[in-house]
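By letter and in written order, the chains are A, B, C and D; residue numbering begins at 1 in each of them.
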């Protein structure tokens, strides 16, 4: 188990990581998610020992490792650029961590082979890193990190250097490996779909602070604030006010849970575009407007609807050819029907959102 | 956790160890630099305000040596002459090096040839400086190789005596010796110019000459400045070529400094001269660095 | 010592950066700071063989080189051979040790006027062992002159543009002063020095090169660069004769300077025994006739000279006529005026 | 001040296929002539040096009188010269070792560490590149004089190491800047100590820069005069010996030494070009 307490990193005047408390359970796959510059990489590098915290402590399995150098922490890292040693063969790269800790050469080589086997590269042990493809290098980096059986594996944007197809394949691979070795994984990414797909738990960061930590589904369905809602998945925002009859927006009233937001005060609301219905013409208990634009995306179509002075989005699943024919046309009057359970509220309207 | 709270002993020790290892890497070069560079410059400063008194110098604090340097016309003469010669050397080297580097970058298409021609200019650096300077003495002498060749070819009847033991011979020799330092940075600068710029310029209907003056030359300026500065500094501080091929009007500032540390046995004056030279060169370098950076900004 | 052990030692010491890195010197290694010819193998090699002391030499081009080389730091040289006008500063500075003349077998044979000369005696102690003497004459190439030059005025002859060489030494001031008619060359006033400086400036278009070593002058003559110069009488002309180049030495109408060199022992030399063996050799037949035949200089021990010279040589070198030396302007210690002279000479070179 | 830094790094690798010159034969001939003239300027003196080392006469004038190996024979029996050559070898070896021992950590510190006074440290270390050797020479002379240290080959070695430190620092520093830090971090992450990381990961990756700057520093030290001039005691290095011989007159023997040095330099140049060609995989 990893425990971060009050972890803070300041670079001169700039605060990189701001008083972060975090617990990561053993065997979990945790993702630090956030846009670039949010402090997630700094946090990861502090856990790895590459940055010295200004304040706070890091402990692993109850042991304080805050001031230990990287080589004395039970933690290994997969670097963004993989950092494979260019002058060593794949086999020697993987065996490196064993060699420097004094393991006999033959034993280390055997261990390395086992690790390479685990990532499906047993036959490339003699190859030099520059002879490998991007995906293969990534696997070598993984093998090199897990061969030492660390308590925690840190992954710094491990998939960002790969192209789209390979990335999905490696997502599966990483999940499989996580199950196989049973280690704690902490991954850093700015790609929300990657985070949603892979993690047991996601920690969303912003400006050096943790905004929300939750399981992917919880995060998606109940984002803590507009920032999370905007960053994880797509959210269509609008402004409105809770009244006794429901949620009032654009001069129209729709049904909403009574306790969604404080009554009588303008607030920000939103919904996931794929979780609502779009009906033709005017329908009661919905927000009626006119179709503005359609974006075709193959598996779905995003429809933008002008409602009052706002603009809302709805995603329509395209299940077969016929459905394409039934799509609304620009300027057609339509109504967005939002199931009350799908409505999200984000505090006062003054709060600026992402 | 607030900073005021004392850290546990073990953590303090770990922190100290990390810091110590850092200083372990740093201390040998730092110590060396302080002892053998900083302190010597300091002793030079100290000597420069001391007073020369046989056998060497006595502690004193006065600026007499500097006053001498700036009032006695002999030092001004030497300084101006050194300035003149170093400028001429840099100019000559530039006039030779620029076309050469330009040719390598824009005219030679085979990488093999380019490497060979580049090495051809750099390689003489590996041959003894002294011998390269000395050879000119044997070539330029009254009955030297050039004169005897010209006579045997029937081009002249009497040996030319204007070839050796004068400032022209010094400029020639120093140009020869330091030209690689001019070619290297100019080559590097030209090398960095994207070919697309030339093509763009050609597409815009610019002729060769105007492309050269509007595109190539401005972009090569950082290299030219770096090379000019290097060549200038090297020839400015030379005291060997004047002794080998210079005539009675060949004394340069470094030669005067050497004399003060030698025959004249006036270390304080020599130190003051050396420091004056040091300051001049530092000013020159920082000015050239600034110019270079301005030039590089253009490519960005 | 083999290069291997040397390198090994060197690398180890390099790692330590400081400490005594240089390989230890063999006992009895004499390092001379002296004039060209004074460590000629013709008489040094037999000495090395006989005594086991090895000799190496660093050459000076001017008397002004001795004090600076000794001032730069100790432990380098064992013996030096300055001229008698330049010895006083070395003695006052403590750069040289008194000589124990009782260890010199043939001390008493040296010319008395040398033994008792001011240059090597101080506070009742002897600091130098007189070795050789001579004149700073002039020499010219006879085929370049219709009428042989007799006076220093030839240095200014417009026909000799770029054909004259001059010794890079304060001696140039002495020459110019004599040209100006100031014959008290060792006691020149500031005005006279300034006038000499001016004369040298006017002469400059005639000067091809200020020579700073015997060999350089020989080369300047041999390669036809110059036809007239001052010279260490006897030495360069002989070297040129060896190359088959004829030159004629002469004492100008304005007279010439005279000089006397003596060997001095550098303070704190670790090789004192070898140094005394060298001194004994220097004033014996080996050293005396050695320097006489290599350099063509007159020597300080007439007894030894008579033993080993032909009568002709003995006479040609004025060994029977030390009064000849009196006719020359024997170099004198300039004392506090030295700075004015060297500064003037440096100013000429800087012009 | 980019000069030395670029020296070894530049292996010209201009993109293939520049467009063919649009000028005619005339321009090509003019270019060819100009380049040939510059090359002649660069190499005629060296050719003269080598040619006249075989000249049977003493006089250095055209045409050469005849062929002889006498000067080489004389060289082989010139004990002082051989001693001086060994001294130079000793000095160059030690000072190169020192520049590497001091210079590589200095480059590491400049690239990887931050510490107070770093700016001044950088300026000081790099200064001797542009500074005339005479200033380095006399400033150290004044130091040794004040310390009362006797001048010897040791002081020469220290002087050379100081003057040439910048050569190693600039080249190694330039290489370090191109070396991703993640290599070292990965190594530490995998349990390697600082020294293990340096020897197993950092050093192999900056190897060519270290060897290259070492070679350069060796050559420059072997050839050094201004610093040696002021710092040497009773021992002569080869350039100092040649210098004093030269000052005492021209001798074809010097041409023979020169020819040998040219030969040795040629071997070194070829070696360095061959050795320093980056092998595939040298860069990630």
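The criterion applied here is as follows: a residue touches a chain if its C-beta (ideal position, glycine included) is under 8 Å from a C-beta of that chain, and two chains touch if they have at least 3 such contacts.
Which protein is which chain? UniProt says A = PotA_2 protein; B = PotH_2 protein; C = PotF_1 protein; D = YdcV_2 protein.
No experiment lies behind these values; they were computed from the predicted model shown.
When chain pairs are compared by contacting C-beta pairs, B-D ranks highest. Averaged Cα coordinates give subunit A a centre that lies 54 Å from the centre of subunit D. Centroids of subunit B and subunit D (each the mean of its C-alpha atoms) stand 15 Å apart. Each chain gets a centre from the mean of its Cα atoms; for subunit C and subunit D, those two points are 37 Å apart. With centres defined as mean CA coordinates, subunit C is found 89 Å away from subunit A.
Taken residue by residue, subunit B touches two or more other chains at 32, 56, 141, 143-144, 243, 261, whereas all remaining positions touch fewer. Residue positions of subunit C touching 2 or more other chains, listed in rising order: 17, 72, 212, 223. Residues of subunit D in contact with at least two other chains: 59-60, 101, 141, 145, 158, 161, 230, 247, 250. You'll find the chains touch as A-B, A-D, B-C, B-D, C-D. Residues 1-3, 8, 10-11, 14-15, 18 of subunit B touch subunit A in their complex. Looking at the complex, you find that subunit D touches subunit C at residues 58-60, 80, 86, 89-90, 93-95, 97-98, 101, 141, 144-145, 148-154, 157-158, 161, 230, 233-236, 244, 247-250. Per the touch definition, subunit A reaches subunit D in the complex via residues 48-50, 69-72, 75-77, 79-81, 83-87, 96-97, 100-101, 128-130, 144-145, 148. Subunit A contributes residues 5-6, 52, 55-57, 64, 66-69 to its touches with subunit B in the complex.
In the complex of the two chains, the subunit B residues touching subunit C come out as 32, 54-56, 72, 74-75, 77-78, 141-144, 159, 161, 164-165, 243, 247-249, 251, 256, 259, 261-265.
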